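By written order: A, B, C, D and E. Residues from 1 in each chain.
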Amino acid sequence: MVLGKVIGTVWATRKDEQLRGLTLQLVREIEADGSDKSRVVVAVDSVGAGVGETVLFVQGSSARQTELTKNKPIDAVITAIIDKLDVE
Amino acid sequence: MVLGKVIGTVWATRKDEQLRGLTLQLVREIEADGSDKSRVVVAVDSVGAGVGETVLFVQGSSARQTELTKNKPIDAVITAIIDKLDVE
Amino acid sequence: MVLGKVIGTVWATRKDEQLRGLTLQLVREIEADGSDKSRVVVAVDSVGAGVGETVLFVQGSSARQTELTKNKPIDAVITAIIDKLDVE
Amino acid sequence: MVLGKVIGTVWATRKDEQLRGLTLQLVREIEADGSDKSRVVVAVDSVGAGVGETVLFVQGSSARQTELTKNKPIDAVITAIIDKLDVE
Amino acid sequence: MVLGKVIGTVWATRKDEQLRGLTLQLVREIEADGSDKSRVVVAVDSVGAGVGETVLFVQGSSARQTELTKNKPIDAVITAIIDKLDVE
């Protein structure tokens, strides 16, 4: 999984039927110290993450292992909102 | 998923039988601000996206989770045409 | 999928039994304008592509969705020979 | 698989139900000579790896092939603690 | 698949039960001309490849399609020892 920060939302009317009702968030990858990385992905939100929150997201086929995303054409999903990183 | 812009179309006569009838679009990845990235992929179009449109595409095994692409040797599919990005 | 150019062939006697009889081509990724990229992969040829031809190849689990590669330890397969790219 | 060093722990209260009870470690990829790489991932720990230890981790769908992670939205798992690297 | 050169061996006592008995080789990716790339992965050896040999390895879920690795938490496996590369 990778750390990210929610930076916005994606709106689309014309889309695959299986995306209906899903929230698509723009997530910027971040470093362990919280600084921005350049890569931004679009991830389904399964935990109610808001803009500005630090999150954990999962990619690839494992992104289809949540209730919301099962069997859907989804390759990235937010699975946790981070409370704290203990970096030693 | 990743944001992209459709920049062209791929034509191929000699191909795997399972690709017959599918539209193969050239999609350039873009940043959240709409600027071009260097990576270009070939994706099946499942939503009628035209050249110049901003789209969402999915990669890997999840690209086989649409009606058009199920069980086919396809690793990228356009699943939405973007109306608007709210970036904060 | 990604665009590539066949640049050579790989020969191996000692190999997994499931690779027997498959043609392993060296494929250099190319840009949409036909210029070379640095990445080279080894892909199974399912369409009779020769050296110098521009091809489409698929990667990951989707590379196991052709008749030749089903259930085999193959993560890249050439699925089309490109006739023309319309880039606008 | 890739070599890494455990550099910390991730804490999250609001998360997908399937992550409950799993330890999420921050793992920095390292070179074969032990020097740091820039990429850091979050991996489930299946072998009791502590901070500072050199580990092996697996990514993608194969990360769901341990008892702890089966069928869960997990794309990285630590599967071994490295004793020694023989590099010639 | 990708070309590589076996550069060493990984030793681990504390590991996932499914890794027992498998040889874990350090493999450096190489270019088609045989020169070193920077990326090193740890791959299961299914063909008896020794240090210094040029090999073919497969990654991702396809790495679980050999007899040795089926259903195991393995994302890279050596599937052939290269005799010759014809690069034109």
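The rule is short, and it goes like this: a contact is a pair of C-beta atoms (placed from the backbone, for glycine too) under 8 Å apart; a residue touches a chain by one contact, two chains touch by 3 or more.
Since the structure is predicted, the reported quantities are computational estimates derived from the model, not experimental observations.
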Interchain centroid distance [CA atoms averaged], chain A/chain E, Å: 32
Distance from the mean Cα position of chain E to that of chain C, given in whole angstrom: 20
Residue list for chain A, restricted to those that touch at least two other chains: 60-61, 63
Graph class of chain-chain contacts, one of line, ring, star, complete, other: ring
Going round from chain A, first to chain B: chain order: A, B, C, E, D
Footprint of chain A on chain D - complex, ascending: 7-16, 18-19, 24, 26, 28, 40-43, 51-52, 60-61, 63-64, 71-76
Contact footprint of chain E on chain D as seen in their complex: 1-3, 31-32, 46-48, 56, 58-63, 65-66, 77, 79-88
